[in-house]
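The structure appears below as structure tokens.
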Amino acid sequence: MKKLFTLDRFVALFLIALSLLLSESVEYYGQELIAEITILAIFAMSLDLLVGYAGLVSLGHAAFLGIGSYATGILTVQYGWEMFPTMLISIALAGLVSALVGIFVVRLEGIFFIMITLAVSQMFHAYFLKNREFGGDDGMPGIQRLDLEAFGLTVFDPADFAKFTLIVAVLVYIGLDLLMSSPFGRYLIGIHQNENRMRSLGVPVEQYKLAIFIIAGMVAGLSGSLQAQHTGFVSPDAMFWTVSGVVLIMVIAGGTGSLVGAVVGAVIVRLLSHQISSLTEHWMLFMGLFFIAIVLFASDGIYGTFAKYCRRSRWWKSAGNSSD
Amino acid sequence: MSRKLLEVENLQAFYDLSHVLQGVSISVMEGTVLSVLGRNGAGKTTLLNSIMAVLKKREGRILYAGKEIQSLPAYKIASLGIAYVPETRGIFPSLTVKENLEIAARKSVGTTNRETWNLDRVYQLFPQLKDRAQNGGAQLSGGEQQMLSIARALMTNPDLLILDEPTEGLAPRIVQEIESFLTELKKEGLTMLLVEQNLSFATSLADQIAVLGKGQIKWVGSPQQFMKEMEIQHTWLGV
Amino acid sequence: MLKAEVLRKSYGSLLVANDVSLQLEKGERRAVIGPNGAGKTTFFNLLTGEIKADSGRVIIDGMDVSGQSSDARARAGLGRSFQKNNLFTDLSVIDNLSTASAVAARLGKVFWKPFSAFREIREDAENLAEMVNLTEVLDTPVRNLSYGHQRQLEVGLALATKPKVLMLDEPTSGMSPEETKVMLDLIISLPQSLTILIIEHDMDVVFGVTEKITVLDYGSVLIEGSVEEVRNSQVVRKRYLGDAKA
Amino acid sequence: EPVKVGMILPYSGVYAGLGKEITRAFELGLEVFGDEVNGRKIVLVQEDTEGKPNSGLSKTKKLIFSDKVDVLVGPVSSGVLAAMRDTVHNSKTPFVIANAGHDGISGAKCSPWIVRTSFSNRQVVRPMGKWMYDNGYRKVYLMAPDYAAGHQMMDHFKAGFKEAGGTIIGEEYPPLQGTKDFGPYLAKVKEAKPDALFVFFAGGPAIQFVKSFGAFGLGNTIPLAGAGWLTSPLYIKAQGEGANNIIGSANYIPSIDNAANKAYQDAFKAKHKREGSEFAVQGYDSARVIVEALKAVNGDTSDKKAFMDAIRAVTFDGPRGKMRFDSKNGNIIQNIYVYKNSKTNGVIAPSVFDVIKDVQDPSDSCTM
Amino acid sequence: MYSDPTFLVIQTLNGLQLAMLLFLLSVGLSVVFGLMNIVNLAHGTLYMFGAYFGIWVYNLTESFWAALALAPLGVMLLGMFFYEILIKKLRNAPPLQQVLVTFGLIFVGLDAVRMSWGNLATSIPKPEIFSGSVLIFGEIYPSYRLFIIGLGILVMLVLYFCLERTRVGSIIRAGVDDREMVSCLGINVDLAFFGVFCIGCYLAGLSGVVAGAVFPVEPGMDMSVLILTLIVVVVGGLGSLKGAVVGSLMIGLAETYGQVFIPEYASVTIYALMAIILLKRPGGLFPARAVQ
């Protein structure tokens, strides 16, 4: 019988508590950073659904983040919509687009899947880059934030906005954690492991891949919408392939196949590159060495390796967690 | 010319955390066949993999023709004149049947009076492979892959042939054929180390039988003795 | 229960299934034998839809599934094991089996409840493990299993799907004599209502479980008949059995 | 307590070279004009935008809210500028733009907290349209990378050129990222037989373009003109023969003949062993603007409004000639130089061909 | 004007030279990635080092040919070094780990270049004899482009003899399938891998020098070719020389004709082409490995 408090959830709880605490104590920029990283973490989790659980390594996931951002920008700035329905529509739109894309691409595997998702996202990028109506490559400024006065949160206060993003992240985590520990999640793991066998057991593999592709797209859309609100603007840059690439690296660095791993990767890589780049303009050198070191000394990723040692260690076992 | 061609002394083998072989010693005399029998999971494959250095985490001594080989890499061991037919067959799916064979082709290392193996001769032995020469390795039927694996081992013109369940998945008639041609080869002086689940095949070909159980050698003797050892058969093979 | 009508398949000039037909009644146990490369596995693949037939029809329990994909056919009731191990190699034995059990229970659309809450699935999987004699290695990742144990699991996965027609492709190959015996007994002990189609080269198994045998050769049915008929057939001996084992 | 200047520039990514160039010259400016005002030392806080709007914005927030800088200097690319603008404006932080030429900033997106010491795209290119017509070019073909700045440049040129009476006989907009080969476009241009080809390219693509232009032998048949960055002194050596005879409009070229420029170039050469570029001069002048403004307020930056007013009031004769800020939109008013490249002693270099005095950004959409 | 035959010939030549340039850029990646199954994202970095080494040698010797001869060897040495300390260990690692490591190398390489050679774009001068142009149907055409076409064909032939006509190609493919089994046949598969990796690095360096005379040489040039080369490799199919050739030709010509005939879509032509090809042929056009 699995325990309610798996290591993952334990660490997740710790991270959230820490961020909440920090969002009170750090100054303005720290709060901005918390919001930024939290949004990134949501996006990383959505990518991990594909990479870590379903084995679909996408290099075009930022397209859906971008679509979420643009939908939020266009609907509120150009059409004057309220933010709340806009967010829902942004998520739905990201889902819809990922469904349309997914139908075609989930048949592909490995590098071919990587490249076709890349191609798709580059086409979206090119579209928004050219489209003057949505600001072309200068992007679209002036995006507002969701009004949360009713909940006692002043969104223009960065601490409150950080809290808001944290709450969203927690909800996303809980939802995805449930999803991935459900039979549906188990199917995905099976598909990742051996697609053919799953098929011969009677599982319509493509449908499940499509389903997770859409879910991941929607969560990415949500993070895009949040990002647009956080930064107040959106530009085609947000959907360039390198954005997907960097987040993919974060997910791998954190450790694929667990949502917390994705979050840890996002947090550590972002914080590190922020810190190092303030110290030296050669921050890439250090980040590069850091990535290499991870593979050499923590081949399951930062969190993955940490979790492995924890599970082997005596105190974790003695706490009654024989296997989780 | 009876000398120990292969000698394994006090072999210990490990996977990650588990200690699988616990002090195995066997030896194979030149020109003879040693059959290793044992249950699923007894450690037979581990033994062969250790000899071939496919498994590197191991202790003890392994000697081939009097020379220590346990610290050599696999390709050096093989080039001493040892050929291996692994239980998973190790067919290269990216290569055609012909390429699978050609890649292995090598001259004999020792001076022997055995007839040389080449494409023609293995095709003669397994005509089916000739028909499928241009097929990809993955497109063969299970039995055909087994034939290819054996044929490929022969292409290296070995002095010692190590076979892991060579009859697995083969039709009864082919098993008989293989049995008789291995007997031929033995007569020509080829030494063999054989792991088998098919008892009748193993006993009829072998000069010596070793029984492996839970990572240790439990019994060694001739096939005739083995047939009488009901106790051994029952405890370690479950028959 | 299962009907194959004039299935045909060729690879280039090689005809691997030459209008093969076969009919299984409910509860029937049939063996398919034949020389290596005769087309037995291909025939299985044509039935399950892993390979698309050039022509011919497949009917499961009165339902024509000819145009359907392999997963649809599996849902219609075909369960199979593979000749070449086809497992979830990074998962443990129990996770392999419980995944298959979950599929059998059609749980794929359940996303709101933890998998671990389905105790019956776990029990199911444990029972299966016991049936195929893998209780000892329940938590071992499959890639760390010995080959024979993997073969046992292969059969376990096929059983886990609770099929109407169970198709086993050389289930006992690679198993020790002891395990072969266990497997034989297991197959014999399966419910009488289960239809079984089995490919084997081990004649003890073939003769032990089936009443009727279909012999394939060069992609065609060479003969189809009772155990006795096949055992005594000259052409089967010549092409397949050889002389020793008669 | 020191005066903190937040350098918000690309130190990695494609524009890293320009970010460093501007920073170097800014430091040089401080050396020359003094890095201490009324006992307050001027210190730099550098943050890397990576040339990306998102990072740029995030780092801007860091500089404003965490480092609490007194004034911002940067960025290189217009995309980053567009992303930063609202945050700077809302937080009322004095901001000196040292390169990005985004037109909007001296138009609808202008802000009392922003001045620009560099240029607006419109300012540099539009006069060149008229100039080319006046100098006998009637049919012109256009080419620029397919992004906002590229289109803006061409639109402004068109406006100036058509107003004067010229005709555009063709336009090409190759992709910004990774045009692998300009050959196909050049073949099209050649077919069209224009009086001249007017282009906007900068950095790496400019090298590639000019080299291809030379290799296809177009240099002998079709005059090539461009916005200044086409043959920037930073790249002209790598461009080889192709750069010869190109004409262009720029807010600066190294060989401008005045005392301030000579002093600047001498100082730069002494320190960096080469000529200072048009990017560098913007950093140099930005430093001077800040130092002079600080002097005007006696080093007191606590009243941000006063400090900003002082910045806007700065005027001097610099390497680019006389400069001051347009009170309407905060954009610099400066000379635009028409130059021509020619070879002397085996070295190809630009020399001033014509000067268009005191050019303003003519935009009237700024309401401050 | 598009119907003018000379115009079409010139444009086709443009396409062909781009194709050959792409071939040179991608063939090293195709060999290492397709044949050895190593996801070497740092291929672009090796290419960048090729260009910078080229500039270095050029500045010392004033000779393009010296650069062309020496720089690729330098890159090969660099590659050997990384192979020994890193890649070797990761040859059998899961692809995502290879992605992370080679991505790390990209970062390190980029900063190494910036520290050694600065940030500004520069370029390798063309060799004297190919710096001019020739007349083709009365049109001036740069002769360096013809040199690229010739060199591409030469490399193609050499590789054909090295990989397809010797056992090395089969050994590598077999080694990817089952490295242990190859060793058990008495073949030193590690050596073969090492050799092929070196060839891959050499080719990356070679393309760096050749392209350095056409493209700007700047930090970041690595990333701009990475995607391009991946596209070529994927379109052609992994690991086959034929695939690399066909992929380069398709992408090169598509890019050129796209720029000429549908300029509005020039930035996405190759992406669209790749997407269409992959949807039709999910494994590329000519994959080396038999589909299992």
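The letters A, B, C, D and E name the chains in turn, as written, and every chain counts its residues from 1.
Assume a contact is a pair of C-beta atoms (placed from the backbone, for glycine too) under 8 Å apart; a residue touches a chain by one contact, two chains touch by 3 or more.
Note that this is a predicted model, so its numbers are computed, not measured.
Path length between chain C and chain E in the chain contact graph, taken as the least number of steps between touching chains: 2. Of the two chain pairs considered here, A-C and B-E, the higher C-beta contact count falls to A-C. Taking the mean of C-alpha positions as each chain's centre, the chain lying farthest from the centre of chain B is D. Chain centre most remote from that of chain E: C (centre = mean of CA atoms). Computed from the mean C-alpha positions, the centre of chain D lies at a distance of 35 Å from the centre of chain E.
Centroid to centroid, with C-alpha atoms defining each point, chain B and chain C lie 29 Å apart.
Per-chain Cα centroids separate chain A from chain E by 33 Å.
Annotation for chain B: residues 139 touch two or more other chains.
Those residues of chain E in touch with two or more other chains are numbered 110-111, 114, 267.
Of all residues in chain D, those touching 2 or more other chains are 12, 16, 20, 146, 175-176, listed in ascending order.
Under the contact rule stated at the top, the pairs of chains that touch are A-C, A-D, A-E, B-C, B-E, D-E.
Within the complex formed with chain C, the residues of chain A that make contact are 1-2, 178-179, 181-187, 189-190, 193-194, 196-205, 208, 323.
Of all residues in chain A, those touching chain D in their complex are 27-30, 32-33, 36, 126, 129-130, 136-139, 141-142, 231-233, 235, 237-238, 277-278, 281, 283-284. Within the complex formed with chain E, the residues of chain B that make contact are 52-54, 73-76, 78-79, 83-84, 86, 90, 92-95, 99-100, 102-104, 106, 136-139, 152, 156. Chain E makes touch with chain A in their complex at residues 33, 39, 86, 89-90, 93, 95-97, 99-101, 103-112, 114-115, 223, 227, 230-231, 234, 238, 267-268, 271-272, 274-275, 278-279, 282-284. Within the complex formed with chain B, the residues of chain E that make contact are 167, 170-171, 173-174, 176-178, 180-189, 288-290, 292.
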